[in-house]
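Worksheet for the structure shown next.
Per-chain residue numbering starts at 1, and chain names A, B, C and D are given in the order in which the chains are listed.
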Amino acid sequence: MSVADYAQRERVQLAGATVVALLIAAAVFTFVFDIALERLLTVGFLTRSLEMATPIALAAIGGLYAEKSGVFNIGLEGFMIFGAFSAAATMYLLGGTSPSQLDVWLAIAIAVLISAILTVFFAVLLIHFKADQIVAGLAVWFLGLGFAPFTAAIIWGSRSSPGLESINSLAFGQSPLVVLTVIVVLASWVFLYRTKYGYWIQAAGENPEALDTAGVDVNRVRYATVIFSGAMAGLGGAVLLAHAGNFVGTGETMVDGRGWIGIVAYLFGNYNPIGAAAAALLFGGLDMLNVQFQTVGIEVSARLVNLLPYAAVIVVLTAWGKTRMPSSVGEPYESED
Amino acid sequence: MTTSNVPPAVRLEGITKRFGDVVANDDVDFTLEKGSIHAVLGENGSGKTTLMSVLYGLYDQDEGEIVIDGEPRAVESPRDAMAAGVGMIHQHFQLVETMTVLQNIVLGHEPTENGLVDESAARDDVEEICSRYDFDVDEFLDTRVEELDLGAQQRVEIVKSLYRGAEILILDEPTAVLTPQEVESLMAVMNDLRADGRSLIFISHKLDEALGIADDITVLRDGEAIGTVRAEDTDEQELARMMVGREVLFDRLSREAEPGDPALEVEELWMSGDRGRDQVQGVDLTVREGEILGIAGVQGNGQSELVEGITGLRSVDDGSIRLGNEEITDRSRRARIESGIAYIPEDRQTEGLVQEYSLVRNALLGNQTVEPYATGGRIDWSAVKDHAEEIIEEFDVQPPTVENDAESLSGGNQQKFIVGREIGHDPDVMIAAHPTRGVDIGSIEFIHNRLIELREEGLAILVVSSKLEEIQKLSDRIAVMYEGEFVDVVDPERVTEEELGLLMTGGSLEDDVTEETETDTEAQA
Amino acid sequence: MTPDHKGAKSSRGERTSLNRRTVLASGITVIAGTTVAGCVGNGNGNGDGNGDGNGDGNGNGNGDDAETNVAIISSPAGFDDNAFNDNAVEGLAEASNDFDLEYTTIEETEEAQYESIQADAAQSGYDLIVCVGDNHTDPLHTNAEQYPDQNWMLINNVIDGADNVSGWIEMNNEMSFLAGVVAGVMTQEEFAHEDSETNPDESVVGFVGGEDIPLINAFEQSYIEGVEWVNDDAEVLTGYGGSFSDTGAANDVAESQIDDGADIVWHAASAAGAGAFSAAQDNDRFALGVDVDQSVTEEQYQDVILGSAVKALNEATYDVSEAVVNGDFESVVGEQNLSIAQGSIDFVVGQAFDGELPDAVEQNLEDAKDGFENDEIELTCGPTSC
Amino acid sequence: MSSGVGRLRTGLDRAAAKMLDATVLERIGIAIGSTALALLIGLVIVAASGYDPIQFANQLVVGSFGSERAIARTLRYSTLFVLAGVSVAIAFRAGVFNIGVQGQFIVGGFATVVSIVSLAPYLPDGTIGGVALMVIGTIAAIVAGGLYAALPGVLKAYGGANEIITTIMLNFIAIGFVGWLVAGRFGDPEATATRTERMPDTVGFPSVVFDDPNLSIVGILVTVVVVVVVAAVMTRTSFGYDMVTSGYQESAATYSGVDAKRMIVSTMTFSGMVAGLGGAIFAIMIQGYFTDPSGIGNYGFDAIAVSLLAANNPLGVVPAGLLFGGLESSSSHIQINSDVPVQLIDGIVGLVVLFVAVPELFRMIARRTGLGGESR
């Protein structure tokens, strides 16, 4: 068994151990505070955890693809803001303050399109002009924080949109977007590990020269993944909006760090789409568990409990720190021809 | 092998390739006959790799024409080259380490079914190729490349080219990373390929290998094709003359002074390396003042680890290291520098120099805490600059401008600068790892002469090299390292290259070349 | 946030608390479709011509030459919160319709900059500077002294001894108590509207906070006391989304509470509070609004917003502006209160529920208000902290 | 798996090295070009949104350097940007990617306030006591900032935890944890807002030269001294040489006797100390007490842009910090004096940063326009 496999297995064990630990903690809490466990772990808790995880998982998948191919897209947060805003603006332009469900779906699609178009510029700067990926990505965040609320103010006279429409749930209160995300996660796993394009993406990040000498245009692969990553982050933002039903552009905006957590999620998931989605779910679950604690009146400071996922990331990175990052991340590739 | 009515597999006509002001290939002609092996010989930097990169589409030639199978071709990318049936095995393998062998072989040419990669079809094809040439590659198709040794990786590269339908194979210094056994099996593979009608270009700077396997040999020097000869019509002396432009004498340098007191003593040293535990297994050695101890061995037998253990770059598991009378086993790298161990590192590009630093700033490397360059943590840049100028002067570093960045210097000049700097430390012990690797002939001689001079001045020197002639030329004694142990210590005067080669690959010798009497394989050096 | 000035004007005439809803709500009725300038005011007195094109929208034809210039500096939550800050701006917008007055909004979300930005504003020659939020108190101590001729208005606190500051304390505790009263009543009633209904079998209500800070803790505690005043057995589930802008977080907290049996949720989460409304809507329960009539400001949730606990912050800014226009600032200097006793804290029924709520609601509200006016109700928490 | 972090480093190192490769003149050209281009685009957007671009441009200038007050405001912001920027530059220069300056800044500032407030009763009133408190508070900030940065350093060096991620996480944790302390244990029971007790009046820099309560020449001098000291450490000391060499080429640094792990920890600590000092200046010169840190400006994040604009050169951080301070200052001015939504300034800052990341773009423009036949 390879080192990577071994670590992979450790990671799975770790995730399992975390879940078990959480359940035990929950059980202890219920005992200490005399709260019935079924009040804590409800179907709604699961639903909300999934909904919470969805935008993070989508952004993580996007970021993962870009990084697998050798480009660090640290601008996920920014693209999510653009995605959320574009979806809100589209919804509003299509249906005013009472858009239909069709408008919601159209808005999501158009938000993805707009994010993808914006990412094309970003990709050109990164790949053609060899921009510093960290700085340019940071800039995208600043741009999102600036221009999305700015444009919102132009459209609505306020940085936040009026209430629009959120997406209707399917049976059992599950959002169709959660289902969509599950499909995206599985499809991106298959695509990455079972199709030739997936091979190319991996090669582009690990050894671009090998891919080049195999006759595949490395930069074309990278353009595709970077644009995909922007589109997915945009989708994540749009999904967030479609769940919330209105855009909030004040403060750190409604995206509120989910893009950053997306990056952490795929690192945590060791660049595996399913691992990334599982990590997103873990974060979402922790967050929602915190809400459950508050609801049932377990007296822990919400502020402190909110820090748990961050602390968990640090502990895990330290104890199982070695994330296998593709070798050529951050290096522009220049074909010799 | 040559058949006159078949067009040659490859004909390069008047290829010129420039990089800025540098002419890497100057009007080179080259012809590869079908079903033959054609060696391209030349020193490092003579333009061999550039020429082949032009053929493989990695570079566009500025002038000249490529004719493949009688047809002029515009080869603008590896894709074009492959379409024309040209495959290349690079010196640095073009493999994706995290992917499996099978995935690597089919990369870019994956058979697909319903949009997914058809692994079983790929597997069948690859296994077919392996059985045809008796490769063992099919035994580890699902292993990740990073877990294979270099020889196996090379075979994967060859299978990859064959899988892509290469009729013409370019092998860029394929033997550089191989053990002698692996070299042998590579030669066998090349023979098989030739017998199967494929045409091979074999790039090398090793005369014997070229003579041993090739049908034709073309020698490049300074970007120009000096000439093409039939292997059966030439010999080493002629080829060496063509390569370097003059007679080369493999003479040993005489020595006068007798060795003095032990300066460096290593006892029962055990070390782990990147590739696992026990890369160094209980090595004992002693280097005396005024003596050069050479360590010969095929790369990867623990020499690097041993050197790093002595210089303080890698921690030791067990054993002791003494400098003079001082125990230094637990000292940090910096403390060892300060107590007088100089080190010419194996990799001057990444270790010995900071590429983006000027020579002045590079002159401080390793001297950060050494007076007069630094006093109490403060750097005296004018003293450092004087030092840099001294090195340049004394070691004939070209161009002689201390403000130049290290990366602008040629390999030989970089190495001379490092040697100069390390000697400037006024050390008691000098460790020189591959001191002339990738260095031009003129610089090699210069560096060798300096090392000998230092020995005469009483310095204790440890030289590690995989170049046997270098080891033989410099050493007072030669320790042969194999699989982490010293298998023997021999007298360079009394040992032949063949005998050394045998020792390095695990064989043993008659007593007559072994110095003094040895009790067992853990030789006391 | 251009005010609907017809509505504003007519409502100004009727100063009874019962019709206050129109006043409270008017400012934000036509959020959509207005221009930015409408939001940030119609120009200002500093020679900036940009406001001209938009000035008409505010019914103010005087362009830049207005007699009175007012600046308003936001709280750290910033403007566009559809609540606190916007409510204060709203009063200025009304005043700009009625008087020869112009106002400028200055958003500053970093508390450390308040001292400096107050001074900057004071240097720019405004006739009145409105500071929204308690966070302005400390810096204003300095600046009120530094700029003695400047008229200041401070919302949420007073500056003792300063004769140039009009300090307004809004009894958030009283407002929260009223919300609690309504929640406490409604959770016992059997009530349905469109798809939503209460669960009369259980008395569980929810509170959704924004950030977990003392100000909001005071809201929470007073709300709980209101609920318990009506119904001792009622359970109040509380939670914080951790942000004033993350609607999703507020939504999750509210949903979790509704899951756990809450049939009425109230929020004190500023812009994020919309998430609580959508949670009520998605789960067929009810919600209560805060600060302004949110059945108007968050119109798409009007079918679940039973009503809102409101404070007439807009009246306060309007009144102080008016005093400045009339050269009568002295009349508002010192401590001013927005309280039930003053008639400026109230509960308004949601626009979709006019006349539909059980009588018990009105009855209990009247009792509570009487209780405050007669000092019969003691609250644990003050208006801004406990 | 073990090489993941190392590889990340290599990748980022190369990106950083690329920026360093450019000559000083070229860097300055790129910085000016980026800013000009970003402002130009900003003006186009202003015009497209129906505002007067000339007016806007005028206010940008007036708002940053147009009056004594504007200059003071600009310098106040710049002080913080420069200190935070130097902190980032230290780490980036050494090849360690400290994204956690914001957190270290907060922890430092908080330490200052807590130590001063708790020690104030034991020290005499008056100037001497005030100065003593300020010295103690500043030292506390430096120590706290240093330790808070050392933590991810240790985790990286000895646990292999990627510092980019851990420092981002530690930012969140600093904001949350200090916020919890400010709202609870260290909150001022008298205050209605979420904040600590005020530091005594004797704590504060004298207002000389600038008539601005939140800007003191002392703060500026401290900043200048920090810049000079850091620049001197980097270029004139063995420690600085070790550090910078590690940033350029870790293997060469190791060869020359640098203990790579210890270097990571000391670099992070050094970087955090400067960030903590920034927090102290913020607390003493500007705020006077400590508030909920989620409401403190994004100095630590903007500092990344400042540092990169300056090619991670501590001296270059000064003009870069002035630029950012000027932009921030005019955004304040524009709020008071114009209708243009102020988020536009954030967007323009984003554009500046974006263009700074793409020196190639400007080289291309230079080539196309024949302004400088720069060859790559």
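One rule holds in what follows: contacts are C-beta pairs under 8 Å (C-beta built on N, C-alpha and C of every residue); 3 or more make two chains touch, one makes a residue touch a chain.
Note that this is a predicted model, so its numbers are computed, not measured.
Colleague: More contacting C-beta pairs: B-D or A-C?
Modeller: Most contacts of the two pairs: A-C.
Colleague: Approximately how many whole Å separate the CA-defined centres of subunit C and subunit D?
Modeller: Result: the chain centres lie 36 Å from each other.
Colleague: Give, as an integer number of Å, the spacing between the C-alpha centres of subunit D and subunit B.
Modeller: The mean C-alpha positions of subunit B and subunit D differ by 46 Å.
Colleague: What is the distance in Å between the mean C-alpha positions of subunit A and subunit B?
Modeller: Going by mean C-alpha positions, subunit A sits 46 Å from subunit B.
Colleague: By the touch rule stated above, which residues of subunit B touch at least two different other chains?
Modeller: none
Colleague: For subunit C, what residues touch not just one other chain but two or more?
Modeller: 36, 109, 212
Colleague: Among the residues of subunit D, which are close enough to touch at least two other chains?
Modeller: 49, 183, 341
Colleague: Name the touching chain pairs, please: which are they?
Modeller: Result of the pairwise touch check is A-B, A-C, A-D, B-D, C-D.
Colleague: For the complex, which residues does subunit A have touching subunit C?
Modeller: The contact residues of subunit A facing subunit C are 39, 42-45, 48, 51-52, 92, 96-98, 153-154, 156-160, 162-166, 169, 240, 243-246, 248-254, 256, 287-288, 291-292, 294-297, 301-303, 306.
Colleague: Within the complex, which stretch of subunit C touches subunit D?
Modeller: Per the touch definition, subunit C meets subunit D at residues 36-37, 40-41, 43-44, 46, 48-51, 53-54, 71, 76, 104-113, 115-117, 119-121, 123-124, 133-135, 137-138, 142, 146, 156-157, 211-215, 382, 384-385.
Colleague: Which bits of subunit D are touching subunit A when the two form their complex?
Modeller: Of all residues in subunit D, those touching subunit A are 1-2, 4-5, 7-8, 11-12, 14-16, 18-19, 45, 49, 97, 155, 159-162, 165-166, 168-170, 172-173, 176-177, 179-180, 183-184, 301, 304-305, 308, 341, 343-351, 353-354, 356-358, 360-361, 364.
Colleague: Which residues of subunit A touch subunit B once you look at their complex with the stated criterion?
Modeller: Contact set of subunit A toward subunit B: 2, 4, 190, 194-196, 199-200, 202-203, 206-207, 209-216, 324, 326-327, 335-337.
Colleague: So in the complex, which bits of subunit C are touching subunit A?
Modeller: Counting only subunit C, the residues touching subunit A are 1-2, 31-36, 38-39, 77-82, 109, 206, 212, 237-240, 242-249, 251-253, 255-260, 271-272, 274-275, 277-278, 282, 298-301.
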